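After this come two complexes, each holding chain A, first together with chain B and then together with chain C.
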Partner chain A sequence: MQNLRQAATEAFHRLGLKQRHLGYEELSDLEDSNYTSEPQPHWFHTLQVRRLRVQRSRSNSDPLGGKSFEQEFQWKTGLQFGTATSYLNLEKLGEGAYATVYKGISRINGHLVALKVIRMKTEEGVPFTAIREASLLKGLKHANIVLLHDIIHTRESLTFVFEYVQTDLAQYMTQHPGGLHSHNVRIFMFQLLRGLSYIHGRRILHRDLKPQNLLISYLGELKLADFGLARSKSIPSQTYSSEVVTLWYRPPDVLLGSTDYSTALDIWGAGCIFIEMLQGAPAFPGVTDVFEQLQKIWAVLGVPTEENWPGVSELPNFKPEWFLPCEPQLFRNVWKRLGQLPYKTEDLAQQLLRAAPRDRISAQDALQHLYFNTLPPPLVHLRDTVSVFKVPGVRLEAEARDIFSPGRRIRPSLPLTKCW
Partner chain B sequence: MMKHTNSWCQTPPSVTVRIKPTTARNLQLKRGLWLKRPNQQKGQGPPGKTQNSRGQEEALKAKLSCGPTLVIQRQEMAAFFKLFDDDLIQDFLWMDCCCKITDKYLLAMTFVYFKRARFSIREHTRINFFIALYLANTMEEDEEESKYEIFPWALGKSWRKHFPGFLKQRDALWARIEYRAAVSRRCCEEVMAIVPSHFLWQRERAEHHSGAQRQYGDRDEVQMPRGPSASPARCVLCAKDLGPSSSSSSSSSASSSPLPLAGSLSLETTPPRGPAPRRSCRRTNAQCSCCCTEPDSQKHCSPPGNKDDCGAGQDTSMDWINEE
Partner chain C sequence: MHSVPVATACALYHRFYQSASLRVYEPYLVAMSAIYLAGKVEEQHLRTRDIINVCHRYFHVDSEPLELDSQFWELRDSVVQCELLVLRQLNFQVSIQHPHKYLLHYLLSLKALLNRHAWSRTPICETAWALLKDSYHGPLCVEHPPQHLAVAVLHLALRTYGVELPLGSVEWWQVFCEDITKSIIESIVFKLLQLYDMEAKCT
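This part shows the complex of A and B:
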């Protein structure tokens, strides 16, 4: 129970982070409250729901617990997309800055869905985040991007209907603490980069990569979600904010105040998530402000200079005298797990986590990295909308630790015959 | 688990399907259906590849693979340009001398919204222009406050009372374009390429206006819209003198002959007559069809801006606007 409580606290932390697209001030508040006070009952309740869901996810290819839903429920013919009556709310899954997410079921076809109900203020109309998210997702059809099924727009409310995906990477890592199975990390990482390669090919930046925005299906399919901060970078000279990306996953150039960022922004986040999956702990965690965050990064990469990062001294927040002098470290000395794995793992991490954005590897090139050459070759040629799990031989391995079933290794993947 | 994640059940066979004329017609029909039922679209599968769009059949394939396309008719482009004969809109553009809220890309997006909304000529109004422009700013600009300048121009002195209604109209426009407010750069550029010399497309934003910092509450002065009654703010960055700008003079020349349709249009660029002609195709051939190839096909091309590699050469003037 104690363990569970601990995990719960960590999960609150994550849920808390999810609450808003945080600036760093809010982040520090959360940090404090997390360790000094009990979690709020509201969150605890949410977690209970989530915990059940995670447990069930191991067999939730049959989401209704064995009952034959088809028999009990007559699908209504004549129901339309775009209307609220076509969906039933089942339970609340979480709350975000501008929306509440419910699990639901489509009365049109019986599919489980996630209903993202956007809060609308009469004064402000639809939040710009919602306008961007739906507008972008409407054009994105890829196995590693969450699918937007439908939009229900009435005078008072706006609801996005997404495909339902059981859990997210944050919860998955909470459930399997101490670092994930290296094989599974590879499969998740491949899918993350595949999704990024797809959106970057369309000149779209996600701008808010973090584990809780990476949904994980019961099979292990990873899907980029929450495009509320995303925007297209295709149009030159449009205005950009440097207040993007949750602090831990924010790249040094953006921390230094650059607004001239591009797809390399998301690559840094992918690198942080790579380390976090391997280590079981965030790569650059637990800081209160931009400068501390930068210091964390310099402690590993060294303080940048004009020689190794031309132009760095012109960035608004670059004040070398404020930083403690640091020498670059070997990644394996900082993150021990890398030392236990073949060198190509560390090499990929290094190419993702380069301080200067132009030195960071692109998603497309990263997919060709040696690190992935143990995966079945057909993966490279998959069509956009096809899941990597369609390729024979691709499946998740059992994680070493599972807080919900301690002491036994579980088989994560289920026979497909149970799929409905 | 839902069926749709098991996408292998539903995904269509191959991307290089040859579409026969009849199939093409069916596709058109389905597309009409799909407008109402977005979910039905999946069966059609991903757009094909348009690497080699040579020859009529290939071009047809390309067109179909683009997804819904827009055919831009001469009078629509003209009607859009005609908006800028309006003195108020001209003053509004003049006020935004740094092109923060009315640069060429935002204006091209505004036009694409007009098309996607299927505005009739009668709906080419000042207020619809401002609504569409506001939506373009909502979509593209992180700088949140600049676009508020639109309110007093669109709504007059009592804009404070009326702006919630204006935002409702923006949301209605967003719904009318089927929630597709994203417009690719390529699409914008192809719109501009129809009449590249028009003064609207000369409205380049300077590099120094491209970044943004979120403004925080401790700032004393809130940037309030200045409106038509005030003179434009002097921009320190541009240090631009606000004398009669070249844009206003060129606008008058543009208005005297609203469509100096050089180049692309005079090529009589009727797209290869597909066996699945759109209604508009039948009506007139004085049109320019425009489609931004969807990213699916675009990825085989060089990044936007480097059109030469894209196969869709200017000669065949396949200017497509993509609706996906």
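This part shows the complex of A and C:
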């Protein structure tokens, strides 16, 4: 009963939110049509409307408050870095280990943005994760990587301005429990591998893949985010700190203490997410220590031997006497959903989730896998910055749950955020 | 401190002064911040306290270590603030490609090319490596791409010991790096030698 009520209030909230958006949408359209004779910058209306509707605590102390376009414009050309006054905070979205994320709006062009405010400790200065995130993201421009618009720098805080993306894969999966539509899984997976292929081509590892870090736009565009743990990989691979990936998505070689990991690290994570999307539950879930996690993996893949994984016995944590003997299982017997889909689905999962890192398929090759054959062919030749949804015929299918309760659905056909 | 963070710190420092003036910003403070920042970038974390103490020791060899007084805390705060300044000046572009890995690859392929005696008679490896390290005393590492630097130090090392490479249809450096020319190598070598002259004048 309580659950039901909660769901109802949630749905109501969502509706309310939508209506507000819609109202605003109409308003700005109206104003647009009024001013068609003189070319006014669109953001101007956006701001006026927004300012009336949203209560902001900061506006009063804001020196640039309601100043003119010229001043904003001067800011844009005059300074390399943004100023806090160019963005408005709207609401808090979440809190991470070293940062708080707010939804915001840009005063320069009216785009919605995500403001990641990084707390700075006076003794230690800028957190190294922030430095890494900024320096890597600055060089990355791809439709499946979250876009870093701007960096705002004040004495006591550092704010990264990202493009605003509505939800993430973890939320999307909670909204649609019991596994996603197989067609949507294919589209998400293609985009995930496309993003990975791009960063791996630039010798960058993400190192922290998990559904929470994969943002999903209302159209279904998937974007890699949170590069706080990512790093660029130099040619003679160094040893990195082995405390990297969240345990559930961590590959067996890293769990065994290997530190010379490479791109195959992210591929394992992608494989886990693939299973999770299909199955509706994490592939290797719910454990707190490394050995339990390994045992979960061996229960599916079998305990590795020197024959099927040369070099495994030299890894620091490899202690065969600690593991229960396990025989390799068929993936379709472990994850039932695979059995209901064509064999190529299981085959891709198997190639992504190989115990030995050198046997794992590369992101580049995985994109060529038969599994993606049913997607329109022009996808393969897309330019980096073009979204897959620009290809005709690519769109998300309704998830099973949406069909039963259409009110809760994020409708892709509705141009809610068209102008943001 | 490993050599990669050291190299990164030097490169950060030189890059900073490419766009900023030596007169405006105190070079020793910038240097300390560059070291601190390099530690973060290359995942070898250093404590500000250690950096300050070591630097203090270096400038005042005979004096006592700094007292933990307000002056120390102020110094530490300014290191942290200066780190922000460096980041800002460099536009957050702090991942640096070092020439060392290229040099290593070039040396390995040279070793396969030359016969073993010629290789063991002359300390090509050590010389080239030392030259490369010394090149970080000057802004060479930010003025030239890493491949060019690696080729140039290798060229100088080979010439110093009079080692001849078998002649092929193209010059050896073109095999390693397509876009380098004789004149680029010469200019890098010239700048490097100038650095040594400057060093000699100072002492």
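Some observations on this one:
The rule is simple: the second predicted complex is superposed on the first by the 316 of 420 C-alpha atoms of A that agree within 3 Å, B and C clash if a C-alpha of one lies under 4 Å from a C-alpha of the other, contacts with A are read in each partner's own complex, and residues count from 1 in each chain.
The rule is short, and it goes like this: a residue touches a chain if its C-beta (ideal position, glycine included) is under 8 Å from a C-beta of that chain, and two chains touch if they have at least 3 such contacts.
Just so we're clear, the structure is a prediction, and the values are computed from it rather than from any experiment.
Three-chain overlay on chain A, with chain B and chain C in a clash. When the shared chain is aligned, no partner comes close enough to touch A:312: not chain B, not chain C.
Shared-chain residue A:124: touches chain B and chain C both. Of the two partner chains, neither chain B nor chain C is touched by A:267. When both complexes are overlaid on chain A, the residue A:384 reaches chain B alone and has no touch with chain C.
When the two complexes are overlaid, the chain among chain B and chain C that reaches more residues of chain A is B.
Of the two partner chains placed by the overlay, chain B and chain C both lie in contact with A:134. By the document's definition of touching, of the two partners only chain B reaches A:112; chain C does not.
By the touch criterion defined above, A:301 lies against neither chain B nor chain C after alignment on the C-alpha atoms of chain A.
By the touch criterion defined above, A:151 reaches both chain B and chain C.
Overlap of the chain B and chain C interfaces on chain A comprises residues 80-81, 122-126, 128, 131-132, 134-136, 138-139, 151, 153, 231-232, 234-236, 238, 240-241. On the side of chain B, the complex with chain A involves touching residues 1-8, 11, 15, 36-39, 42, 45-46, 100, 103, 105, 135, 138-144, 146, 164, 167-168, 170-171, 174-175, 178-182, 184-186, 188, 204-207, 209-214, 294-296, 298-299, 303-304, 324.
Residues 4, 36-37, 40-41, 43, 45, 48, 76-77, 79-81, 83-84, 87-88, 91-95, 98, 101, 104-105 of chain C are the ones that touch chain A when the two sit in their complex. Residues of chain A that touch chain C in their complex: 80-81, 122-126, 128, 131-132, 134-136, 138-139, 151, 153, 155, 158, 231-232, 234-236, 238, 240-241.
Across the interface of their complex, chain B is touched by residues 60-61, 63, 80-82, 109, 111-113, 122-126, 128, 131-132, 134-136, 138-139, 141, 143, 147, 149-151, 153, 163-165, 201-203, 217-219, 221, 231-232, 234-243, 257, 259-260, 383-387, 390, 419-420 of chain A.
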